[in-house]
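Read through the structures below before going on.
You will see subunit A twice below: alongside subunit B first, and alongside subunit C after that.
Let's turn to the complex of A and B:
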């Protein structure tokens, strides 16, 4: 009897061992599939690079670039020429509905500097500049990786020796290839 | 004596089978992991996005040398002939095996002096960012400064 019991226990241990192995394998496979199955999400980096490019396009050495605002104080950058003047190309690959639905959005706000305001923002001194898919803007408040990535940054710039604040918002969608 | 020997043999066989099964199991697990790690699709995506981001942050006049050793080795393993990296318009495509490859676009409107790389060209993709394709008053101002 004793011998029989020992054999039975051995078998149970062996089955138990394989159950553990199966659980470990399932966990490893699940982690590998989750880790390697998801694409690299580079949208935030793209949005930040785009903001840098726009900042370089608008200002240099802390002063506004010649050609952004003319002598009369009017903006020479417009919604129509922002892409060409800042060397941006919003064309994307032919993937799903990307050709019909733009994947980028850029918005530039120009504010006067107000030293009394806590954030330094005064009134807008010229109109905003926007380019790309304006529909993407409404997703910025929503959290979740399936929504477009929004990045907003501001910087100070001197316009005729007066400080101004420029806010740049950049949105990248490209969800299907990054999530 | 005979009985004792056969029992010992039995125990040994059971243990050997148990160990062999475990080893087979672990081998399959590691093979799965390694196959996932070195997957061609992942490498294509990684390389295409890496090149696109580098071009996005590049400025005219920059000479860029990017190590794509992993991709070249994989393409050679897959006996890939032809271009493994090619850029058309503003779309980078990396193709390490027969098929469509992986494409990713960049937004920086620049011209490159060399927009392709063959597997037998070595492990580094070297190119120069020559100039912006489009340009307005701002660019001309940059040049005069």
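Let's turn to the complex of A and C:
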């Protein structure tokens, strides 16, 4: 009688152990999936790095770099040469349609500094410089992680001792690998 | 027979408590992973540097505000010794427009300041601050501040003797 009871208890405990083992394994798998399942979204940082690279390319020591604006006040940095002059490479890996659809966009606006304007922005003094996929611009107003990430930053710089503000807009798409 | 039943009850209670403990630990772990900081997988920037603000700061120091180049004015003894507190010849519109105008959306607009101070003064008010001259101060003094997204830069100014020893110009955006 006693021996039969012992056997029954062992069976119940075995089943119990399997149930607990299954629950623990399921929880570990769930946590691993949650932790590693979603990619890191690094697009904002990527866009900021691009802005820093452009800012370094345009200004040094508080003044505009040589080779950006010539003696006549015209831009030497153009849409065509900005990538090579600022050491930027918009080529991306061959993934989905990335080769045919550019994943980056940059735009640089040059403004005169206006002490009386609320944000210090005066009129534009040279034409804008743009490079990359211009279609990405239209998504900047839209919110949501499935849209490209837009970052716009400004800095103050002297152009021939006159104060100016430079705005740099940087857009990174790469949605498929970051969301 | 009675003793046996007591032992069985004791053993069952142990298993029930162990099961509850396992379940609770698992639920806590799953909740932490699901709603905790791991769920929002974004890189946060750290540190107290910001390349664009640094560039603007350097540009501002080289600006001629009508009274001369700002940095030259700051090196002048009269700027921070002989002029009364809170006043200098320096045009305050420039730093206000540059730092508040350009960075008010990225940093809290009420916690931006540019001032001349003692080198040993902590930005958070942890050490005694002389506040020799405030060139631009939007919002409360540093003692009220909590660093959230902080930019901090300082440069040493000319040493004119004991009164100006270890004097710095500091810019902070929080």
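The working rule: the second predicted complex is superposed on the first by the 145 of 179 C-alpha atoms of A that agree within 3 Å, B and C clash if a C-alpha of one lies under 4 Å from a C-alpha of the other, contacts with A are read in each partner's own complex, and residues count from 1 in each chain.
What we mean here is this: a residue touches a chain if its C-beta (ideal position, glycine included) is under 8 Å from a C-beta of that chain, and two chains touch if they have at least 3 such contacts.
As the structure is a computational prediction, the values presented were derived from the model and not from experiment.
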First (subunit B), second (subunit C), both or neither touched by A:92: first
Subunit B versus subunit C as contact partner of A:78, first or second or both or neither: neither
Touching partner for A:25 - first (subunit B), second (subunit C), both, neither: first
Touching partner for A:51 - first (subunit B), second (subunit C), both, neither: second
Partner chain(s) touched by A:16 [first = subunit B, second = subunit C, both, neither]: second
Subunit B versus subunit C as contact partner of A:68, first or second or both or neither: first
Which of subunit B and subunit C A:135 touches, first, second, both or neither: neither
Which of subunit B and subunit C A:157 touches, first, second, both or neither: second
Touched partner set for A:101, first subunit B, second subunit C, both or neither: neither
Residues of subunit A at both interfaces, subunit B in one complex, subunit C in the other: 39-40, 42, 45, 52
Subunit A-facing residues of subunit C, complex: 15, 19, 22-23, 26, 29-30, 33-34, 38-39, 41-43, 45, 51-53, 55-56, 58-64, 93-94, 97-98, 101-102, 106
Of all residues in subunit A, those that touch subunit B in their complex: 14, 21, 25, 28-29, 32-33, 36, 39-40, 42, 45-46, 49-50, 52-53, 57, 60, 65-68, 76, 81, 83-93, 95, 104, 177
Touch list for subunit A against partner subunit C, complex: 16, 20, 23-24, 27, 30-31, 34-35, 38-42, 44-45, 48, 51-52, 55-56, 59, 61-63, 113, 115, 117-121, 153-158, 161, 163, 165
Residue numbers on subunit B that touch subunit A, as the complex places them: 18, 22, 25, 29, 32-33, 36-37, 39, 42, 45-46, 49, 52-53, 56-57, 89-91, 103-110, 132-142, 145
